[in-house]
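First chain A sits with chain B, and in the next complex the same chain sits with chain C.
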Partner chain A sequence: MSTTAPDLSENKPWTKRAVRYDEPAVIPRPKRTAGVQTYIPAWAKGTGITMKAFFVNFKERLLGQKRDPVLENYDGGLTTLEYPEEKRPYPERFRGLHRLTIRDDGSMRCVACLCCSTACPAQCIHIVPGEYPEGDARRGYEKYPTEFVIDELRCIFCGFCVEACPCDAIRMDTGMHPVPYDSREQFIYRRDLMMSFTDRDGERHSDNTRHEPGDPTHPGVTRKHDKH
Partner chain B sequence: MTLADLLLTIVKIAIILGFILNFAGLSVWADRRQSALVQHRVGPNRAVVKVPSNPLRLVIAGAAVAIGAPFGFFFWNAAPGLEQARMTTGLEIAILVGWFWMLLLSNHVRKHGADNGFDELVSRVPPRNYFYGGLAAHLLVLPLVRALPPQVWATQWAPGICGTLAFVMIAGAGFYAASKLPDGKTELRLAGTLHAAADTVKAFMKEDLAPKRADLLLYSLAPIISMTTALVTVAVVPFGSSLCFKDTNLDGMLDLHELGGLANVIDASGACPANYNTVPFMIADIDMGLLFVFAIAGTGIIGAALAGWASDSKPALLGGLRATSQMVSYEVALGLAIVGMLMICGTVNLREIVEWQGQNTWGIFAQPLAFFLFFAAAVAETKRIPFDLPEGESELGAGYFIEYSGGKWLLFMVGEYAEFVFSSALIVTLFFGGYHLPFLHGDGLHIAFGDSVLYELKMSHLSVTIIHFLAFSTKTIGFVFFHLFIRWTLPRFRYDQLMKLGWTKLLPLTLVNIMVTGAVMLAIDAGGPQVSKAMDLVADITQGILALGGLLGTVAFVTYLLEPPKRQRIVVSTSAKLADAAGGVKPSRMQA
Partner chain C sequence: MADGKITIDGREIPFDKGETIIKAAYKAGIDIPHYCWHPGLSAPANCRMCLVDVEPPPGRGKMMLDILEYDKELGDYVPAKKPKLQPACQMQCADGMVVHSDESEDVKRARAAVQELLLLNHPVDCPICDQAGECDLQDYWLEHQRTSKRMHQEPVHKPKGVVFGETIVYDGERCIMCTRCIRVSAEVAKDPVLDMRQRGNRNEIMVSQGRELDHDYSLMTEHVCPVGALTSNHFRFKARVWFLRTGRSVCQGCATGCNAYLDYDPRDNKPYRYRPRDNEEVNGYWMCDAGMLSYPEAYEGRLLHAHVGGDDATVPEAIDAAKRQLEGHAAGKTTVVLSAGHSLEDNFALAFVAKRFMGIDEVYVARRPDGDEDDILIHKDKNPNTAGVAKVCELLELGEPKSFEQLVAAIGDGAVDHAISLGSAIDCDEAEAKAALKGLKGYVAICTHEGVMSDAAQIALPACSWAEVRGTFINAKGIAQKTDAVLEKYGESFPGWQLAAALGRALGYKIDWRGRADLEQAMLEAGAPATPEASEEDTEAPAEGAES
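Up next is the complex of A and B:
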């Protein structure tokens, strides 16, 4: 009946002592009193528990006193979130579908450095870099992705692409989950689609402002330095 | 049998079948949905019909007018001896509708906002105060009406005005409810009960599969047998007190033109006066009532056995065998458990058993042990938890109806629930006074202990009959729920435990019960008139306990329902913060 407590004094940090029992713990058989044998007290108690749970929830449903499934769900009771109609807001740091951020002039921030596709453990990002056309101020400084494709079926939503991006060009703050489609092709998200996404509040504003070459705030190397 | 008899029988069959089938279907749903509630889940409640609001408004207002109109119309007719009853009825109904409607309105306005000044005014009082006020008014009206001098209530207009008040309240509540419907379309959910209808339609549209080597005839026959037997047994259960129609041409038969001549008042025993035709509120008033029930219920075994045999499947066969042996075993205990009751009442006619209980005391007081034995055996007989071994999922899948699908499966399912509604009705009939309510006799309310009369109110035959029917339905529904609570609570027995319980516990106990009953009956008979008079007083006291208990229980239940909920709002996660900023989780329409 008795069990010895495991001796913790000899515990080594790298191994855990196996718990030894001198004899197996046996739950004693309940005494065969009249109450146990007739089954009625236990039955009455159980039915009471059932009825209590039922009437509490029945009352809530009947009188429309439904508790808020997100805010008031810590006291037990009926806390079902009736999903398609009711939704739990995703937490702030939820990593949802990717979006490509844009500059003030509406062009994309991405410079096609391939950091994200390199960092991607699922290898779901495909980028084809291209040069800006002749005469564009950015030509020679930056490239841009002529093609930017993410296979959302392969994506594991780890967020490494966001971490890897040096330009804050890719984010996962849309607050959207991938929508179920009926073909694989529909899960291939392309550049323009991802550029059209906003953050969960519907905004494109970023505190991380972009300093274009030629701006006085631009900290990097400009064309004027090429003679040095 | 005259044409009128035939017509009434058809009407009775329609009423009773409608009750049983609807309630069987509903309890299939209730079993799923409410058992989910027990586990703190919502359960199936999504079925919804979008009804255009305007026709619905018409239906609600029309129904209210139709329900209220008899009060406003017929209460102006002279009814000697019933003026007090009519005044009381009119006032009580007006009060009931009044507080209930204000309560709902207050609750609604508090949640959804006021539309006008009246809403605003009503919602200032918390909903439960309406209930307390209404309750006080209900109780006040009873002595008040009696205290009025006879020259007030004996005039024709006093009952008429009270009836009109009831009509105005009912119609007004209906019109106001209709005005509260949203414009355009109303989403009709009926508290989720539409799910039962949707499930029925779905089941009949599903493919009807049959095993390749099944015996098709028996395979198709089995669900029909088990469904029919469950429904046929209801024929001998009285759903209300007998109706009395005046025999104008004195031929001792009910003719069509006599259907309008419902008696105004009958005497306390519920028996019809001379020159009146008696129409019992049951489909077949036969003297072998209970024997018929057992005979037909015994046939139900064949349904399960056939289903098990004809399905050409091992789990089905084992399930069928289990069902058969279980039902045969428990039929013995079931039959013997009520012998004591039959000895006391001296009849097997269910109507007479109910009448005995109305004049003396409810069966549960006369035969408390028999009630428990009968109840346990009835649960086993209907193959329900904790005795649902024939369909033990862990070893047999669904047991004898494992191979059934679609409509045939539905027949089994509804048949099982119909059987179980019927067994509730039978228990109510045998042990809970059938359609009787304490102190309500054929001629009205008569509260008396022994010879001391406390309160008396004459009531018309029609209103007593309606109350009796409602009482029976309510008791049956209550018992169905009691069945369900047991089903949601208990785990399944082992098969040997089941057999042991039936043969070595229930059966000997029923025999002991019969012997004790016989001895007590002999002792009472030998005791002479004093003892029987004392027994009458005890019977009255049990009625008093029931009435008081029922009243207090109802009040406690409603008070509990109206208690404002306690809520603790905890905003910790960012998810909760976002939900809080949005003002809580609000349901929105489903989007693709």
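Up next is the complex of A and C:
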């Protein structure tokens, strides 16, 4: 079958030059030697490879010598990864499930500014802002989310919420991907659950450098709050 | 009549005698950036944002200042000259005056410098500031500055979260000391309870010793605040302004009928606040606290479903039941109650059915009781449409509407045994009225809110509130004002006039209003005043229950 298109470029200079396809190369038929034609030797050869792999794997499994498929598989060809017992490590910037970072005193960093839910293209973040209770140093100064809900089914893991957050209060560095659950309700992640998550190394580090009231670094206000 | 013309950036605009440049520009739709100036207040000229370059009168030299300017090539400061700029909010217009605003490089540099100084000690906490999105500092930074902060020292810290009163919280760090709030208190509310203390970057707003910010216009201080220094307790932390949409409305709090914007979140179809809408004839630029806080009436205590004998029903079912109850009782002891809380349209439709078809010659009116008044905006009549009811009665020759007390007495005397009512609030003793209304043989109530009338009614029909349907309200001065349909309809409610028309149709009367236009035509034919639309949107469809 010839797929060569007629070259019209010479008589029709305004047309685009047609793409030319060469005749596909024909793969030569293997030589029909006696060994190939009788099947038996080829079968024995293939079975040998299979059995060799079987015994090697069996021995490695028995003696605990199996190579780590994650770290040592690169030179040995394909190695079966026995998911979910074994997992490949995600790249460093993998965007996993969200976590809410917390301050040193255990309260949440989020100030309920709604920048994340504004930036969210999937509209999966629902926040109800509230005021700190009477007597709290942050009362009247900033707000906090009384409710912080992310619908992980709706989330498209774009990371815009992390980019939008001015307080480094939301991160996607947990290294966890969404788990299949039985019901939709289980995908609705709430505030306390997301506050309990750590990053992939089990730490709660956050890069926020704001000086907040209550922090020893905060310069303080010039007068008492409630006197005028 | 204009007293002359000035030229701003090559454009000639008229002015009245005594007007300042910024006011003349404001009226002509030219924006000169400003913080401290407000069209409804005096001008202290303290923010310096509205500086403009004014050409000297003919024959006089321009006043120039000697300055030092940095020359990049020389790497040193060299003497230079720049014109003395004038604050547009203080400079009065004179005929033939030539003003350079946006076209002058000196003005642009002055604005950028003022903007930078105002932001020097600003905390830039926009994410947690309720003003973000409608903040003049944000807008003018984008428009006139666009440079990052050059000062790296710790900014001055001031009191935050200071409670000024029940309605207002003050944040000293965000404040730019424009003194608008001070002037609103002194000039609009006539209660100079706010002042400022200290100087320079330690300047802050304070409440008078032993006082709270508790006058009737305290929310206006928040409204005029160009930044997020004053926040109101009812709106604070509730919503972000960029999620809100707005519609033109009229305050339902009293007979003044202040023009307002009703800001709502289309996602939950709920209003979040009122903002005054400028109207020199009615409310100027202001609204009272009671009016500003009356927006929850749009969703609180609403009658959302029809009731028949205390049980839930659909609107067509309820209209069917009303038909069975009222049929054959049109003449004689049947009466109609209009409402000073409903629009002209609702009242007209019901009164029209009563007068033209049922042959009723005298009507009653349901209204909220009178309350406090002042000589600024607050009217003692707490109903938005008292004049509208009077107008409807005049147009349809129904005579003076009688009070609800007279209705209660008439029911007691046995002079009335069937009634159709509009409205939800009454101005007499509730228990007594409820007992009397329960004694009626047939009672159909068209209500927006739950209350005495919906409780006592054998058949209650849910009507749309002022926020959900377009309507006309006539205020105490006789000015007819239209509201937009701002919210989606709540529950199963229908516009009151559609319910009145459906009721009339169910009773076998020939009412051929297919839509709002037909109703308006009928009103015009009866001689109602033609009012300009608040907006051009028409989202009305005839009620399902109205097709019978």
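Annotations
Here is the rule we go by: the second predicted complex is superposed on the first by the 139 of 228 C-alpha atoms of A that agree within 3 Å, B and C clash if a C-alpha of one lies under 4 Å from a C-alpha of the other, contacts with A are read in each partner's own complex, and residues count from 1 in each chain.
Definition applied: contacts are C-beta pairs under 8 Å (C-beta built on N, C-alpha and C of every residue); 3 or more make two chains touch, one makes a residue touch a chain.
Bear in mind the structure is a predicted one, so any value in this text is a computation, not a measurement.
Within the superposed three-chain model, A:C115 lies in touch with chain C and out of touch with chain B [touch as defined at top]. When the two complexes are overlaid on their common chain A, residue A:R139 makes contact with chain C while staying clear of chain B. When chain B and chain C are set side by side, the one touching more residues of chain A is B.
In the superposition on chain A, none of the residues of chain A is touched both by chain B in one structure and by chain C in the other.
Contact residues of chain C toward chain A in the complex are 125, 127-128, 154, 156-163, 169, 171, 202, 206-207, 236-238, 240, 242-243.
Contact residues of chain A toward chain C in the complex are 111-115, 118, 129-131, 139-143, 166-167, 219-226, 228. By the touch rule above, chain B contacts chain A in their complex via residues 34, 37-42, 107, 111, 191, 485-486, 488-490, 560-562, 565-571, 573-576, 578-580, 582, 584-590.
Listing the residues of chain A that touch chain B in their complex gives 43, 46-47, 49-51, 53-55, 57-65, 67-72, 74-82, 84-93.
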